[in-house]
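To start, I am sharing the structure in question, which I have written as structure tokens.
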Amino acid sequence: MSELNDAVGWPVLHQFYRIDRARWRGLDADQRAAGISEFRDALAACASEEGMQFVPMAGIAKSDFAVMAVHPDLGRIQRLGQQIAATELGTCLQPVYSFLSMSEVSEYMSGPTDWAKQLIEDQNVAPDSPEFAAGMERFRQRIEKYADARVHPQLPTDMDIICFYPMAKRRGEAQNWYTLEFNERKRLMGDHAKTGRAFAGRVLQLITSCTGLDDWEWGVTLFSHDLKSIRDVVYEMRFDPASAVYGLFGEFYIGTRLDPADLGDALCL
Amino acid sequence: MSELNDAVGWPVLHQFYRIDRARWRGLDADQRAAGISEFRDALAACASEEGMQFVPMAGIAKSDFAVMAVHPDLGRIQRLGQQIAATELGTCLQPVYSFLSMSEVSEYMSGPTDWAKQLIEDQNVAPDSPEFAAGMERFRQRIEKYADARVHPQLPTDMDIICFYPMAKRRGEAQNWYTLEFNERKRLMGDHAKTGRAFAGRVLQLITSCTGLDDWEWGVTLFSHDLKSIRDVVYEMRFDPASAVYGLFGEFYIGTRLDPADLGDALCL
Amino acid sequence: MSELNDAVGWPVLHQFYRIDRARWRGLDADQRAAGISEFRDALAACASEEGMQFVPMAGIAKSDFAVMAVHPDLGRIQRLGQQIAATELGTCLQPVYSFLSMSEVSEYMSGPTDWAKQLIEDQNVAPDSPEFAAGMERFRQRIEKYADARVHPQLPTDMDIICFYPMAKRRGEAQNWYTLEFNERKRLMGDHAKTGRAFAGRVLQLITSCTGLDDWEWGVTLFSHDLKSIRDVVYEMRFDPASAVYGLFGEFYIGTRLDPADLGDALCL
Amino acid sequence: MSELNDAVGWPVLHQFYRIDRARWRGLDADQRAAGISEFRDALAACASEEGMQFVPMAGIAKSDFAVMAVHPDLGRIQRLGQQIAATELGTCLQPVYSFLSMSEVSEYMSGPTDWAKQLIEDQNVAPDSPEFAAGMERFRQRIEKYADARVHPQLPTDMDIICFYPMAKRRGEAQNWYTLEFNERKRLMGDHAKTGRAFAGRVLQLITSCTGLDDWEWGVTLFSHDLKSIRDVVYEMRFDPASAVYGLFGEFYIGTRLDPADLGDALCL
Amino acid sequence: MSELNDAVGWPVLHQFYRIDRARWRGLDADQRAAGISEFRDALAACASEEGMQFVPMAGIAKSDFAVMAVHPDLGRIQRLGQQIAATELGTCLQPVYSFLSMSEVSEYMSGPTDWAKQLIEDQNVAPDSPEFAAGMERFRQRIEKYADARVHPQLPTDMDIICFYPMAKRRGEAQNWYTLEFNERKRLMGDHAKTGRAFAGRVLQLITSCTGLDDWEWGVTLFSHDLKSIRDVVYEMRFDPASAVYGLFGEFYIGTRLDPADLGDALCL
């Protein structure tokens, strides 16, 4: 499976902004109208750019406006932040929180040993039977598809409530994730993933890696149709030992998907 | 009881602001008068909006002005923050603290098993008697009413001193709320609730949930007629094991209810 | 003694500011002169206001200017902050730290049981003697006077160096003030108070309560004629178990009493 | 080896900035064009200055622009920061993070005792043989070259993705790096260095010392051709006991090498 | 020795600033020239003021400009900060960090008991001999001179690299400085002082007390001819148990002594 684990993920940028209302209102009506047009066009251009996945959001509570962007090229991601800032409205956006991470395949993903064990022990398939070879092949295809979806994520386009938070694993004096054995970590993450899967259809979860890129170790982006599902999945997962004992959480940011055409109305510009 | 636990609560927004006095005083007298009018009307419109519960406050110490808003629709809550910011006075309001949460029914609320136990053991009612069925029905109605008041809260309109703070439960290396058994947590929260109920009439307490929505896990809003009651209830509850051992508290914000008509006087605008 | 413990204290506000020198110097000479006059008059008016105790300070290090105010009415305290901010010089004051607390009678104050014990065991007075009744009455009067001085504090007018800091009691996983028995807490606080009393005449100490009103649990205001006494009392008290093991301290602010007439000179306005 | 350990390293400065877009856009087109020219020339002059090693970067997420500079003279490093700030574009740069450190030779570097042990025990060389003397001399030369590369570092010019973060060693109540014996620390750092060497060619790592110069104890600068290598080396090293148990990490900053000629395009100026 | 311990030290102020370059560059050339003159004269006047010790610095990394001032009168120290702020260049200085402390004699300084022990046990002097009396007198004079140098410090004028940091002693749940016996603390501080003395000539160290005056308990100012000596002394002392187990460190600030005549050049004004 190492070739899957080594697959090179895509850079992912989250940026959250406050609007400097004093500056925005200081512009005259024509400048503001032009500023909205320019910004709306810039958002639409990013959204339709080849290779770019781009989600503008209206922020709630901690931020007023936010974007999430996924693109294979780090240079494009770097310049995207500057492009937004360089617009007229962009000069009224004060960065509140920024986060760089990259998509990855989880190292705890099941591999051939897990598959063989499951076929032999759970399904009573003889290890040298044609059924075994076929079963192994089915597993490989399923996992390859899953791994590809992790390393080359396709953001949902229909779930409009979006939550982002960074996290890390505890390195306490008594409880330290990084001194646990691999198999213990794999077991804990497996149980944790089950809780998440119980929310399939209600919450889509994207985990991206940021060790070395940010102060935290992972970024979590949740997409849902409703706020309660986001509250419920995070609350229920907090009781899993992987979270209860080892999870450290950063700031939580909430927004709703913003149609560029609604920019002026949604943000009362 | 699961249908009660699953009831979808309402989004709740708390926003605390400092007034940028330099900018406000930079406006001329006419602009300021118009700004006060515009803002007063905006507050009054929100307060009378169908489905909206809206409490403007004059802040003390940490903030100058604040609002609390409850509305079933998250989109309305999102736009409300922008509406305030988009006014002339709004451009002089610098966000100090913002908090998004949602109303919920406590998972530790008593259920049929608790009721039956109370009827049989405390009141000596035979489990197959008509008295038992009637008792169970009384409990169910009482709890349903209580649950509805939690998930669809009606903010008080007469208690004018308002305190807000966020909280979470400790996940320490030795003392971890999230690794306790459900029944132990229920017992601790039951004792804690008793302390709170001793302040009935003096302090009205609204607990809202924010796991996944904010860095904390709950928001607490206290309404009272006097400051000492707020000091007393928080101080006394701090000795309950649920708080003493497991409670983590964020920043405390205090304000007094602001009649929009008094806006200019109360804030010396 | 419960009627003493229940006595309703007065709200106390501490506000610390930086001066925005760029804005101040941007005013022309006439505006500055008028601004100093206006502010000096506002300070003087507050200082002489019926029911108000008001201490303006020149800050050192962390702040440039500060005020401390005590008034029975929370609404007056709320408006006071806005009054200061609404002046010309007020628009040049950037809040650095703000703290709301209220005066209180300590729950660890001695009561009839302590008095009787002291009379019988320390002074060999027979419990049914007229001396005992007289002794109890003397204690009651002394404590009532002391309690009244705590709940209705009179700020000193002659000690010109003023220190403020907030504090809380530790709720650690091994050492938790809030899980100690009342008598153990009373004993620790009694020892602590002795250290403080050794500084009588050198340092006047006002403890105000802020649980539920601020992130901390108490505010400490020290008044002295000299800086070393403040350094000494805080340093010596730090070795008392009540502080050494259980004390948590916030930021320390230092200032010197400011005569409104010296405003311009002291702050180089 | 003490003369190597005592070698005086070079001061190293890292500076990360946000661009104040409102101010930049407030300049007219001519001023901006002149500002870009002036800044581009200043960057180029620094880059070609005798004795100076200078790396300008386009920041991602946490910063917009950054520089790293190495120079033997602290005074030159001090003035460099002011030179950048004193340009027109420099007045639009708001410092986000600054870090002063100096290059050093690791105290855990192998010395004559280690070499002799390796020759005698691992390579079966007799301690009084000519082979032993030759082996010791080879070690000495290799280590001297290595030490010189540490104390007089030459920054790579081809690896374009650059990561910086500060770190310290834990001084916990149960796990305290500074109470470990030297040999235990040396062993832990030796294992840790092996993980790092496995990334030779993919990641170049520069460790600089800052105890006494900054809140942290070391600065780590990583150079790579690709983002995943940076993520991988930091993630893998986190499981080494030296990091897992004793490592404390500050903020992580990421940037890409900026050719001064591309200044305007890369930053959308 | 109590009269030495009770000696009243001098207030010490450290102030670190960022230069607001946008504001400075907004002044025209004449205003800037006048601003430099005015500020240079103000620095020179402070430096030559009777009773004042005054060190202006060019900051590196965390600050651009800094001053350290020692004066017997707290009121003079208070006004000094305002004087700097009230100049034209002062309006462009944004406070980054401020620290008030006072010089003191260490409570762990040796006293008559230590001297007698040293004479009798180490030097075999008979306690009732004239040599003993003479030895005690020599100790007394030496310590009085040392104590006077601590309580009335004379800042060096030749060491041009200056480091400042605040510190406190740990009050952990397992390791608490403030619950140690006096003799254990004295022993730990004695060992710690030895490490410091090994740097005599390379580093001059001034320890000032700030319990009650600042969030920390001591301020440390290091003067040296070279950066590596500062790095070395702080690094080596970190392994002393007094630091390794009990030391808590705040932010470190580094600067170089600034000759007022070089103001414009050093800061590129």
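Should a chain be cited, it is by its letter among A, B, C, D and E, assigned in written order, with residues numbered from 1 in that chain.
Going forward, a residue touches a chain if its C-beta (ideal position, glycine included) is under 8 Å from a C-beta of that chain, and two chains touch if they have at least 3 such contacts.
None of these values were measured; they are calculated from a predicted model.
Each step here moves to a touching chain, and the least such steps from chain C to chain D number 2.
Touch-path distance (fewest steps) from chain B to chain C is 1.
Counting every residue number used by either copy at the chain D-chain E contact, under half are found in both chains. One finds 30 Å separating the Cα centroids of chain C and chain E.
Here the spacing of chain A and chain E, counted between their Cα centres, is 49 Å. Touching two or more other chains at once are residues 173-174 of chain E.
Viewed as a network of touching protein chains, the structure reduces to one closed ring of chains, two contacts apiece. Listed in ring order from chain C, with chain E immediately after it, the chains are C, E, D, A, B.
Put simply, chain A touches chain D in their complex at residues 8-9, 11, 13, 15, 20, 23, 74-75, 77-79, 81-83, 85-86, 88, 90-92, 95, 98-100, 102, 104, 171, 173-174, 176, 178-179, 209-215, 217. Across the complex, chain B meets chain C through its residues 18-19, 21-22, 24-25, 58-62, 64, 161, 163, 172-175, 222, 226-228, 230-235, 238-239, 241, 243-245, 247, 249-252, 254, 256, 266-269.
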